[in-house]
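Below, each structure is written out as structure tokens.
Consider the two complexes below, in which chain A is the common component and chain B and chain C are the respective partners.
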Partner chain A sequence: MDLILLAELAVNGVLTGLLYSLFAIGLVLIYKASSVPNLSQGGLTMAGAYVVLALAHDMGLPLWVAIPLAAVVMFVFGMGIERVALRRLAGRPVVMILMMTLGIDIFLRGTTLAIWGGTSRSVDLGVSYEPLFVGDILVSRIHLLGAAVAILLFVVFVLFFRTRLGIRLRAIADDYMASWSVGISVERGVGLSWGLASIVAVSAGIIWGEIQGVDQSLSLLLLKGLTVAVLGGLDSIFGAVLAGIILGIIENVGSAYLDPFVGGGSRDLIMAAVLILTVMLRPHGLFGRTDIERV
Partner chain B sequence: MTIFNRVIPAVLVAVLGLATQMAAAQDKKPIRFGLCFDLSKSYTFISPQVAQAAQDLAKYTNDNGGIAGNPVEVIVRDHGNEPQRGVECYEQLKREGVFLFNFLSTPVTNAVLPRAMKDGNIVLQSFVGRGDAVDGKVFDWIFPVGPTYWQQAANDVAFIKKKMGGNLGKAKIGFIYLDYPFGQEPIEILKTLSEKEGFELKLYPVPLPGSDQASAWTQIRRDKPDYVISWILAGGHVVASKEMKRNGFPIDRYLAVNWLNEVDINNIGAQAAKGILRGTNVAGGQQVPLVKTMLETFYAKGKGSGPESLVRDVYYNTGLAIYSVGIEAARLAIKKNGSPLTPESMKTGFESIKDFDANGLMAPVTVTPEDHGGGGKTRVEQWNGSTWVPLTDWSADYTDVVWKVIKESSSKFTVK
Partner chain C sequence: MTNAITGFYPPNKGSIYLDGKDITGTAPHKVATLGVARTFQNLALFNGMSVLENILLGRHIHMKPGVFPTALYWWLARPEEMRNREVVEEVIEFLQLESIRNELVDGIPIGLKKRVELARALVAEPHLLILDEPMAGMNQEEKGYMARFILDARAERGISVLLIEHHMDVITGICDRMLALNYGEMIASGLPKEVVKDPRVVDAYIGGAHG
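Up next, the complex of A and B:
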């Protein structure tokens, strides 16, 4: 066995996995507040990247202005989704809210397609693609940057959930009826989680947009993100980060060794196997609350 | 002279005149091309350019008297890459009298193909659908004019052989591909050629949509193939270019399938893309006479069928090529069998096309009742930082190997 190859695959797997985590954090934020897996997180990520491009390319703003501005726009947009589409579904079966998020995803894909077309657009964050070797291992700078952003967001949200506002959100996640009864505005809390998830979507969209270009395929990140979120436990941000790393390593190392035997395609099979096995053996994921099982 | 003696000749003249006019009008029935395209989902990176090219070409043809006086009409509909919607589009346009179709989507084309074969309607199927449909003896109503992916891959190997001094005995060729039917299609041909020529073939599958190529390029860096043939689409080339740079693989050893356009070059960066190779059957750029004519005739006067930016894209040239062949076939059909055009006469028209290259727009094609692909010629072009430069002449290589695969596959086809 080539240990250097194994190490390189594992290291790059960790970095790619953290990019999945970056996406999954958005899913976890909404789940924590409303107990609904947000199927429109892929659409939000894609829309976030398009908004950055609209501000930077179409309006000529520098990227360092466009990105925070896009985060503000998407925060308001996320809050708006909750206000307009989801608030009226309060008390309805979870499946209806789930279908609504699916509808929002389709709406976002259709709208971005109508406005910006189907051709891929590039994002240039100014990251060099010159080879970067750490010892014998080649590392991707953009993946390194993305991983750093994922860890930074993780730290920010850990700290946020210790603030007064964060504690309110945690209370809503614990028991929204009890939160209501003590005067916490559950609607605002859920709205805030949508706004925060939309900010996460901008950061994920812009990093993934730099890697693969901005087009409709960005919304497909939902499948990876959902797998990571389920594996980590849908309500655990730490779980999302760790699950991303685990999935990234298994996927990268596993597919490199399996593909030659099965003729390719093992990457998606590995992802599917992780998702199915998690749901079968540990439905609450690695760090999720066990009462999710009962729901 | 009685009143009857005066009126009857006048009525006769009027009736005769009307009859002549009606006959003439019937003669000048529009030639209608049905474009059931994916304008909203997977193929949106190409379908707007092709549709716009078809509309421009129809307008240009009509402004110049039509085809022997018959106007050309282009009907564009969206099927969203859904086979059922494609079938509905086909049936609806069929009821409206259309018998020339293009679906520009492999799943939709495959879904409609048996119906079109049964109905005896023409399907233009360049670059999509089943590769074996070039076998005119089996697929008599299908015209995939242009190279199959099998032929393209074979031509790519011939190019590499030439570059390596005519001997592939010690060569290592990598094949990076999207791990689904489009990307997998050339593998059998490449394996056959690997055995025939003695080169080592290394396969690098990447999952859809092609954004995750890190482990594939890690392997490539370690395997050090002499060339990498790429069956990846759109943004996938952009990811590949970044991985090539990161892994120190020379971009001038990356030979892409024809689906690499100016948008991708722009996303890679015009200078960063310098040296990248592309196998194609259509000449790229705006200096091609027909593209130039469209720009001068319509776009310079703001009368194009869509935005000018789409004209500056090789997929526009691809669209012009597809419909130039269609219009040439209609012209030959009317010349041979007169108006009105029928599916049968159109089929004859297609099968009469000889050495047609749309004035330098595409590889010369000769369509015969046996070969509906037109010969499968391609050439390799290289991006020089500002435009595509052809490195080879149009040619089709290993045709015996390719046709063996085509015959094997087409022999299994039956219309139920």
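Up next, the complex of A and C:
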């Protein structure tokens, strides 16, 4: 295999990987505040895309209005999930909360199917499908846009966790009892993290919806997003970005070499291998705090 | 009892009054804003943060949350910030924590952790300070230090202190009034010197040694 092809595979791997990171940042936000891997992040991402579609196509709003509006709607929806479904579970075993998030995911898939049906729809961001030539390397414009959004969100959240509000969220992630004792409302903080994760879900939903179309299978992004988040360390946003890049490269280059032998499907095998090996060898991921394994 | 006052678990019966106001069943983070600060028997510090960051979080109830004031109007937020820093610096000096202010709390010895927790409670400038076994796991010297800090905090800041402690020498040494509980029942109250001699208290603590 020649070098240019290898470079092209690697570069596109990085871009795809950053799109996984875009998804995984939402998981990390919620994990940071409540130590729960949110299994409904896929459902939220899909719902975010559907809300954009409903506002832009069904109601005819221009995209620059529909997208921020969808972000607001989903923010409120995310806060609502905490208020209605999760607050009463506070203090219960984590597995109960985990099952609740799985239930929410199934609920979202069912609801979108009931309202909008299962036919794949397109967001149509107006980004050209013509590939872009960077030197000798072909890259997809929409992947480039998505990668830029992922990096932008990464910067925004790193800065956010340095503000007072962000520091409060970090405190909540650390210790509920201690947070209460210094006057921090844990419930509101967890709610905020769900709201923010839902906004991230809208951005991931738009980009991924543009790439593979909007239907219920969009929620299956959870599997890859979770692999990225676990490899990155679940509570580290930087970890999620780096793990996305690493995984994107391994997946893209690896599958190009392996697919001829296993007849396709090696992408999923690579993902599975990374997830299983991470949990076996380094449960706290690349940048996670070491006490995660005890939780 | 501590958990009932601070709102972590509502009491089974009875009410809780703070400065004449009924606060039974108030959410824990609200109790903190009413001027009640506490430390924990088994420590509850924010691991992964520095000593300074931990103490600053105790100042939380006096900080306005706004992202906007800090981002856009930093000149407006600044006087408030200065005042907060002043209080924090003063408490750090008072509890002699300067040398470890930038260390992670995860790594410091337990005696110092207890002191950081006390600092975090003090910077909130509470009216009522609840100390849940502040001397647990300390040696004699550390206990002496802690007792001095508690007395000074009370004398200089006019804070009421509720101390939960098993070490009788500490109680008789620094407390004005003592209340003995046995499985949630009050068995004696009054001057520490008298309470420790009460036969029911001796019974409960030494387990019928003269029975």
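The working rule: the second predicted complex is superposed on the first by the 294 of 295 C-alpha atoms of A that agree within 3 Å, B and C clash if a C-alpha of one lies under 4 Å from a C-alpha of the other, contacts with A are read in each partner's own complex, and residues count from 1 in each chain.
Note that a contact is a pair of C-beta atoms (placed from the backbone, for glycine too) under 8 Å apart; a residue touches a chain by one contact, two chains touch by 3 or more.
In this text the structure is predicted, and so the values were computed from the model without any measurement.
Three-chain overlay on chain A, with chain B and chain C fitting side by side and no clash. When the two complexes are overlaid on their common chain A, residue A:213 makes contact with chain B while staying clear of chain C. With both complexes placed on chain A, chain A has more residues touched by B than by the other of chain B and chain C. When both complexes are overlaid on chain A, the residue A:245 reaches neither chain B nor chain C. Of the two partner chains placed by the overlay, only chain B lies in contact with A:110; chain C stays clear of it.
Judged by the touch definition given at the top, the superposed model places A:256 against chain B, while chain C stays out of reach. Contacts of A:36 after superposition: neither chain B nor chain C is touched.
By the touch criterion defined above, A:178 lies against chain C but remains apart from chain B after alignment on the C-alpha atoms of chain A. With chain A used as the common frame, chain B approaches chain C to a shortest CA-CA distance of 39 Å. Every residue of chain C that touches chain A in the complex is listed here, in rising order: 6-8, 27-30, 32-33, 37-38, 40, 44-49, 53, 57-58, 60-61, 63, 65-67, 70-71, 120-121, 124. Here chain A touches chain C in the complex through residues 163-165, 167-168, 170-171, 174-175, 177-186, 289, 291, going by the rule given at the top. Contacts from chain B toward chain A in the complex involve residues 40-41, 43-45, 48, 177, 179, 184, 203, 205, 207-212, 214-215, 218-219, 221-222, 234-235, 238-239, 242, 245-248, 263-264, 266-268.
Residues 2, 5, 8-9, 12, 16, 110, 113, 117-122, 129-132, 138, 140-143, 208, 211-213, 215-217, 220, 252, 255-256, 259-260, 263-265, 267-268 of chain A are the ones touching chain B in the complex.
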